[in-house]
Amino acid sequence: MPLVRIDIPHGKPDPWIRAVADGVHAALVATGTVPEADRFQVVNEHAPGRLIADPAFQGFARGPDFTLVQIFWSAGRTNDIKRGLYAAIARNLGADPGLRGDDVMVALTESTRVDWSFGAGIAQYVPEG
Amino acid sequence: MPLVRIDIPHGKPDPWIRAVADGVHAALVATGTVPEADRFQVVNEHAPGRLIADPAFQGFARGPDFTLVQIFWSAGRTNDIKRGLYAAIARNLGADPGLRGDDVMVALTESTRVDWSFGAGIAQYVPEG
Amino acid sequence: MPLVRIDIPHGKPDPWIRAVADGVHAALVATGTVPEADRFQVVNEHAPGRLIADPAFQGFARGPDFTLVQIFWSAGRTNDIKRGLYAAIARNLGADPGLRGDDVMVALTESTRVDWSFGAGIAQYVPEG
């Protein structure tokens, strides 16, 4: 049920994009209690000046590869799970496509389990009551 | 006040896109306690590989028409209202443009009534207090 | 930590876009208890029919410059802070690029402080506990 929005700079080759999407999903599965098949991602590529990140906030040195990962999912994950997820995303994207940790931002937004319908007009997680 | 983000595959004709947007809004009005004039929607079209959905999660058979509907609105709707909304969206999009239920995903995210300004820099629903 | 998504019509010149992004951020700094360097914004431009706003809801006269500002940030701001933010955004965008108040919509969505990682796979605001 995570819905993941990934915002990246324009002009990256398909394998780069695929590596980012795969790495984020693998992190969710490995650390975020997300099933392997529960994958829904939207990748948006942005021309210069449309994906804006302060180059230094919190002591980082952000560059042209800045990548934003926004994850919508149900509440209930502990702080430890969230911290493990951030670490896994940074580690995975560092391995492939080779993103520096400075360029990986993650933001979470929580909803509840009745807030999801995966198809057929049904609330699969809370079908009644 | 719903803010609706609709993510669809690239290459659909304008009437298809309009039918999706209209059908989602009609469902919100019919089942979600949303006024007819309270319509704010953002449609994003995605090239192949940028709108990623598992083909089978929860038993569905998702195809190239996979359409994601993300709705931001104020908390307060019951589970029954949410279930009625999902059913109405799937029904409407099934009728026009003919989307299969397998290809319609809906995700809700809630905020509160003071979180909305419809214009002029005013919080119309909670202007004071 | 705000993550700001700005949806605008297609075809605006870069200075117009920059003025909107700058004006929103300046409002967050001036009224929303956001540090100057805490700037993360995504601007999306939309072809006709993809950014849909009712022309009259809540008594406004929306036109082709309709601009949607969606802000994700941590909970904790008071109603007064939110109202001050809406007013500042409308005022700033009215001054430059000259947007009418009728064309400025703002929506907030709240998360918590552990929901943010600004880099290196760390939850900077809640690194432990």
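A, B and C are the chain letters, set down in written order, and residue numbers restart from 1 in every chain.
What we mean here is this: a residue touches a chain if its C-beta (ideal position, glycine included) is under 8 Å from a C-beta of that chain, and two chains touch if they have at least 3 such contacts.
Quick caveat, the model's predicted, so the values are computed rather than measured.
**Q** At the interface of chain A with chain C, does the proportion of residue numbers present on both copies reach over half, so same, or stay under half, so different?
**A** Interface between chain A and chain C is built from largely different residues.
**Q** With a Cα-based fit, what is the angle in degrees between chain B and its identical partner chain C, given to the nearest 5?
**A** 120
**Q** Centre to centre, by mean C-alpha position, how many angstrom separate chain A and chain C?
**A** So the centre of chain A lies 21 Å away from the centre of chain C.
**Q** Taking each residue of chain C in turn, which ones touch at least two of the other chains?
**A** In chain C, the residues touching two or more other chains are 44, 109.
**Q** Contact residues on chain B for chain C in the complex?
**A** 1, 3, 14, 17-18, 21, 35, 37-45, 72, 109, 111, 114-124, 126-127, 129
**Q** Can you check the complex and tell me which residues of chain A touch chain C?
**A** Those in contact with chain C are residues 7, 44, 46, 49-54, 56-58, 60, 62, 68, 70, 79, 82-83, 86-91, 101-110.
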